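Each of the next two complexes has chain A plus one more chain, namely chain B in the first and chain C in the second.
After this line comes the complex of A and B, so read on.
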């Protein structure tokens, strides 16, 4: 009898000790280009990091913020010295530095956001908004009274142009005469520039606003003039509860948790990442439609969107509210039965960019320089 | 909203954006008139912006936020004053350090305050705007038509002479630098309470440096500072209005280049572009 107790005790001790011994922590480092208090890009990445850490008990994370582009290598090195086995670099400008580090540390795992260079131990990942911008565009097309919608753009680069074009395609799908007026601020974050650009667009007669800039400035300026807008990146409906129609939200945690789990399970190693490219959209739930999580369309605007009706080739005559919901559902399925960049699409100069029935490839989307019909305003590097 | 309103709209935008720039510039001009350059404007502004936002958020009183921001700006400036006046350290280094310190501290203390809407805000064109113009006129009168102004300017031009006449050089400089901080803090408050009522890390986004440039190119003249701030505000706004016709890459530099050119070109007046003679030089009693 006594022996049984002893055995039991041993089993108990072993049972307690075993998970402790087996539970290897995985340390991941995150390198941010901006401050985590920016309420935009870096803030969202850090939210993703924190959620991943909460969700994955074996995960340990470290981060460094406001790292200048082009100086990323020493920061990567320091993280590796601190014991990080996985390093995420979260800015396009970190691309070459990350690749150099990946070659120097062949046994570590790297993942670079928004770039296109990969290596056997370096993956790429991106949560892209173009589908969400299209849905925002559908609503903007229905809500504009002047026929002029507006977009404050950060930089005239393919990423922003793709989003702007998706927005414009949405606007025109509902309102074929409407235009999208563009102003560029040449910065990712500059509230004063975003504010004056919005004021300039208001002065030009625009009355619905979308944007790419890391602050709620555009939303606030539009709301002061009683004009509707779409939030960008972070939940912005609370900044103008009666004026934010919808917007784009990101969930980097979806990608971080998936990637890190696969690393932890041994499916991703420092040898098999050369073709690992996360291009995650609505279907993967890496992005979400709404100005507030769980609220795809602000109820304040529901009646107006239900009253606006539009003819579609595939769904017949339908209210814009229902159209948004149908398109959202179509894009949220893994089969993606709808995509905004499906031909025929001509650019604003008339050049055919996608033949009838053909969808643009990821490569075509990420190198987009042309402007969609209805876009009015400067377009640097227009082909 | 067509062409007829262009002038009015531009004037309104010029005044709105010009207000925080004017407040900061008037403060910097006063400090520099006493011989102390303060490159910490950006740091003082952002500390003011955060303080104003937090206080307004907690109390529901934007005016209280403004007052606290002014005090915080003044306190930050006293740090620069202590290092550069009492310890006689290099003013440029101390000011740069204050900018970095302010940006860093505000970023740290502001954690968690981003993404919060402010319910009680100040109007964009408000008493602050008129107060800025009033302070400019008052400073002009003080600088050129009062004994205080002579004392201030002589401390900035020839501190040894002022000292010999019994002026407390350090005290005058301390007061001038602190005033500069109060004005910068209030300018920051305007940003987070009126211009764009929200807190975001780094929200001053370089405005402190525009202030320093305008202080210099306004030739340390408060009334010219008004012209500089309003001109910059107008051109900054127009740089977006005009994008419909002019390449945006060109327009991006326009407000900076034109404001500086315009101020420099009209500076040939009675006082010229001369900086205060002792600007940037710590004063040591008995040394020349």
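After this line comes the complex of A and C, so read on.
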């Protein structure tokens, strides 16, 4: 009988001690716009969350998926009630709701992905693909036989236009006569529409494919016709091992780990985030070139890319494979000795967008509406 | 009449309120029991889950106000549908009428220069008119060509949905939204005031409550209401009595669709402050309102209760997602179970259970009243 009391006392002590230990932990909440089981945006953020939780022993995370835009504020509130001190919101549409919550909870820390509004306790962050799309474009320009490459776009918004333009600049750097044919599907996730767009582009003579859509549909449809393509957002080489040349991969964990570590160390507080804007690229390793982690170029295509040679102003005559690797290395250095959006750049109507030697600023990149030379097809809101 | 041991089951088309309440609570208890099984299968303690639902839905002003916020559009759509169902007009188009109302309100907010406080009044008027207009076409098709309104009102939803998508991607796309598919934000004067300390846009709530009371009065005390009830129960008798079915039906549809349009005004002016993706403007409120009106059995006042009930069900799903880290599919199953049990139990309301022990059972069991056809006792 006495032993039971002893056990009870031990349990009681352990119970009292536990909250003390828990206070050392930092709790972060993640609010997602889609289901974590998609094969794109939300899935990638959730991977980042899980990696951060694995790496940072003091971190505890909670998440909520498929949150409608009008509901973000109550969901933030519920997370704060659950003890979250940092809340990440991962959709452009959450911007105003996150800002309202940041004003209502001045002692909590917020970070919003892909937006532009900040506050003393609200930072913004983005891992962007434009440099990777440029590298994909270099390869596409070398691989096209018809001189027509293709891009299946989700929405004609600045983010997708920037990626498409970077791809087109890459294609033209290798193959000055080649074109990029574009189709918009007006959905982030719609395999049926992506399939239809891909088949229409194939019928129009395109033979290399890049895209923005959260499924491997374009890769699969192109592979069925024996045509090469570039994976988007998630590792897609496994869906067509002999046809995916390369692609774009994201590592949100890099940003989450950096941000949360600085919060934990006290460098980021609820008072000094008004100018904190993560715009992370290849140099910060927030994005990666490849259709599979650690595989920047599918070995199946190495010979073809090494055989294609091209003249460059700074590197002389060089194989496309070496060019891709050199440009990748240049952009991966902290000094970023190369950037695709460096002037002189004219849009497809001939308007000068970047004078010789000038690099586009982040603000110019994030508000890009013009179309690069070589882009063929409808372009809503073209200036 | 049917006999189960000492109990007699009798048909009773007009159930007393106590039975409605009892059966509904019984249904919710049944749903919670089954949902508990789902929670346990997922690995969450059902008792903990129930506690979380109660605390997160009713515990304080903050929590309760979120239920109210979800209730507002359900209420406005629900009372309108209740009226339409009383007239045997099966309006499945509240979702599209809500979106039409949102478009009407947005047009006024962004493009019509109106001074100060009159903006909101004009937005509500435009929203009502746009919603009513959206209901008018199916009503005319039914009256002139006898086209089934279940199909036409449903199809009008998709037209509204794609219409909104076209507006935000095309002519109304905002200049200040970084190319994303939203209209510009409404000016301050076109935003609804909130109840202090909450996010409840109270003017819309007030409109909903007044509308519920007004429609209840209309049904019970006015000539139009009488005509609606007669036509709903027996159209042939109505015509013999000299009621103009076209005029009555048009009035009903305009009121019903207009009310849904008001819900759309509340969502854009009180929650979003811009027009955006149709799937974000309405979280399926127009469809859920069908359940609201059905459970309210065509009574606008009862729709206040049933809309609140549905608001609470949806909110409790949200609470479970955060507090217990449940995937949204599990909480959707939970919501579906409660609705399934509530709607399923509706049939039981029409049955009276009477305690009639064996002594009276000695009387021959055949129904004795001559001339009345056997209507069957319940299931």
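Please note the rule applied: the second predicted complex is superposed on the first by the 360 of 383 C-alpha atoms of A that agree within 3 Å, B and C clash if a C-alpha of one lies under 4 Å from a C-alpha of the other, contacts with A are read in each partner's own complex, and residues count from 1 in each chain.
We take it that a residue touches a chain if its C-beta (ideal position, glycine included) is under 8 Å from a C-beta of that chain, and two chains touch if they have at least 3 such contacts.
Owing to the predicted nature of the structure, the values given are computational and were not obtained by experimental measurement.
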### Message
Going by the contact rule set out at the top, does A:195 touch chain B (first), chain C (second), both, or neither?
### Response
first
### Message
Under the stated touch criterion, name the partner, chain B or chain C, that contacts more residues in chain A.
### Response
B
### Task
Pick one for A:39: touches chain B only (first), chain C only (second), both, or neither.
first
### Message
Between chain B and chain C, whom does A:239 touch in the aligned arrangement: first, second, both, or neither?
### Response
first
### Message
Touch test for A:147: chain B only (first), chain C only (second), both, or neither?
### Response
neither
### Query
So, does A:71 touch the first partner chain B, the second partner chain C, both, or neither?
second
### Query
Which holds for A:204: it touches chain B only (first), chain C only (second), both, or neither?
first
### Task
Figure out whether A:373 sits in contact with chain B (first) or chain C (second), or with both, or with neither.
neither
### Contacts of A:381 with chain B and chain C, given as first, second, both or neither
second
### Message
Let me test your reading of the model: by the given contact rule, A:186 touches which partner, first (chain B), second (chain C), both or neither?
### Response
both
### Summary
The shared contact residues of chain A with chain B and chain C are 35-36, 156, 186, 380
### Query
Given the complex with chain A, which residues does chain C contribute to the contact?
56, 62, 66, 69, 165, 169-170, 173, 178-182, 185, 199, 267, 271-273, 276-277, 279-280, 283, 318-319, 321-323, 325, 327-328
### chain B to chain A touching residues, read off their complex
1-2, 5-6, 9, 13, 17, 107, 110-111, 113-115, 117, 191, 195-198, 200-203, 205, 207, 236-237, 239-241, 243-244, 247-249, 252
### Query
For chain A, which residues are in contact with chain C within the complex?
35-36, 62-66, 68-71, 73-75, 77-79, 82, 92-93, 96, 116, 155-159, 161, 186, 366-367, 369, 380-381
#### Entry: Of chain A, residues touching chain B in the complex
34-39, 43, 156, 181-187, 189-193, 195-197, 199-205, 214-217, 220-221, 234-235, 238-240, 376-378, 380
